[in-house]
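When the chains are written out, they are named A, B and C in that same order, and each has its own residue count from 1.
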């Protein structure tokens, strides 16, 4: 039986990448074959090879049309990596990307058609906790606009669910919500790994 | 003019099946040809014929991959029944199925492509009433975890709408919300039957 | 480089058409080529040519099946207009249309496939302001059912976002939310025009 593919998403600050890493560590302890691939890394790699290197933080400021092209190339590359993988695969990416020109879908139909996920995972954390985590990353002098930020985070979490619902209807894959409260990483990672069992 | 197809959905406890039965009775009183088909029944039937009988309650614990296969077979069977039907058809099913591995879409694209609905109906009831109805079905000793349950019900109702929205964009069929408060079955059934008029 | 296509939507009362007109005026001031096309106008035109003239307000009471046909014809006509356009194009339409038989999707898959939007814009205003604006349009004797109306408006705004999310996954185009509070038309129009820059 070939391995399963979980696309793991979450807005910045939910701790998505940490949960993926923790799930990978747990899998190794148990002897479960699991690979974690990062969509953004592949996009950056493609940009570098094309001779137009781009810092990761700039990805969300790219022209929409160009972003789509790189997105498609990255999806094709990841699909090949999935085919070669010997066990299960986690693809670490975004359901939506907040840009200056709206919410870009991280998994448009053409990407879903290529990646064929078995699970669509949303890592979620309460807006208050996300705000606190993001605050730690602020540079001196920066300040969070509290009320507005909270509204924005709620909107982003809400849109992520809406977009995930559409992805689910297109692929038939279930939407799995995994909560990642502070201190709950290990439990979140377990829940993620559980998807691949039996 | 051929009959129309309404896919009628609702989360457990909204009284979906009762509203469908009531609509069928009203249709008979008025001489309107209306058939009610149940998606879950057809899935159970397929399992029985395949020599792997499965209790209905276990449907939501099936392996996701296997569930998809049975879902596709059931959709094909229902499509044939719709073709043969002489009047209108209601397909009683779920927009989403809450499983241990997330929210499974009851009407993924491949099912919608086959069933070609004219209406996507969501039967809804307030979370408080759903909780009260479900409480009646509890065995002695079981207890509802109140606050968490209410959150879960709100989430399920919300996801149902999101998934219905995606189904609507794919099919072009409208999303129809029919409220079914306690004591309002007859009115809900009338609203459902009204969809097939003129 | 060919122009871009923004589909601009909003529920009645958000001031969608005013914002589009204002964006067009701003574009002219700056020498940016921008055409605004209205989906409903094209539908009415098609009805007239077919010898079945229909008042605009009656569009939402048409038979669902028939509406789909006219919708497809209008989309094809608009796609041709977009091809001929020398600059950017705004298509002024609805994400959802509230009818007696549910929420019709204004941009079902077959319409999106033809229009190929670069941006999916939702013009939004707070429900309270929408209610106030709609109140001005009431005839003597009519009265708004306040609480219920507010719930309905929230539901419509919510459904618009859900349907937009599905459209986004299908097309890869971002969902852009532009707020249009009273007195904020010019700023909203600027935000809309900004989508077409660089």
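Simple rule for what comes next: a contact is a pair of C-beta atoms (placed from the backbone, for glycine too) under 8 Å apart; a residue touches a chain by one contact, two chains touch by 3 or more.
The structure presented is a predicted model; accordingly, all values stated were derived computationally and were not measured.
> How many degrees of rotation carry the C-alpha atoms of subunit A onto those of subunit C, rounded to the nearest 5?
120
> Could you label the subunit B-subunit C interface same or different, taking same to mean over half of its residue numbers are used by both chains?
Subunit B and subunit C contact each other through largely non-matching residue numbers.
> If you average the CA atoms of subunit B and of subunit C, how far apart do the two points sit, in angstrom?
Distance between chain centres: 31 Å.
> Mark out which residues of subunit B touch at least two other chains, giving numbers and ranges.
If we look for residues of subunit B contacting two or more partner chains, we find 162, 165-166, 169-170.
> Under the touch definition given earlier, write down the residues of subunit A that touch subunit C in their complex.
My answer: residues 64-65, 68, 71, 99, 101-105, 107-110, 112, 155, 158-159, 162-163, 165-167, 169-170.
> Which positions of subunit A touch subunit B when the two form their complex?
It comes out as residues 118-121, 161-162, 165-166, 168-177, 195.
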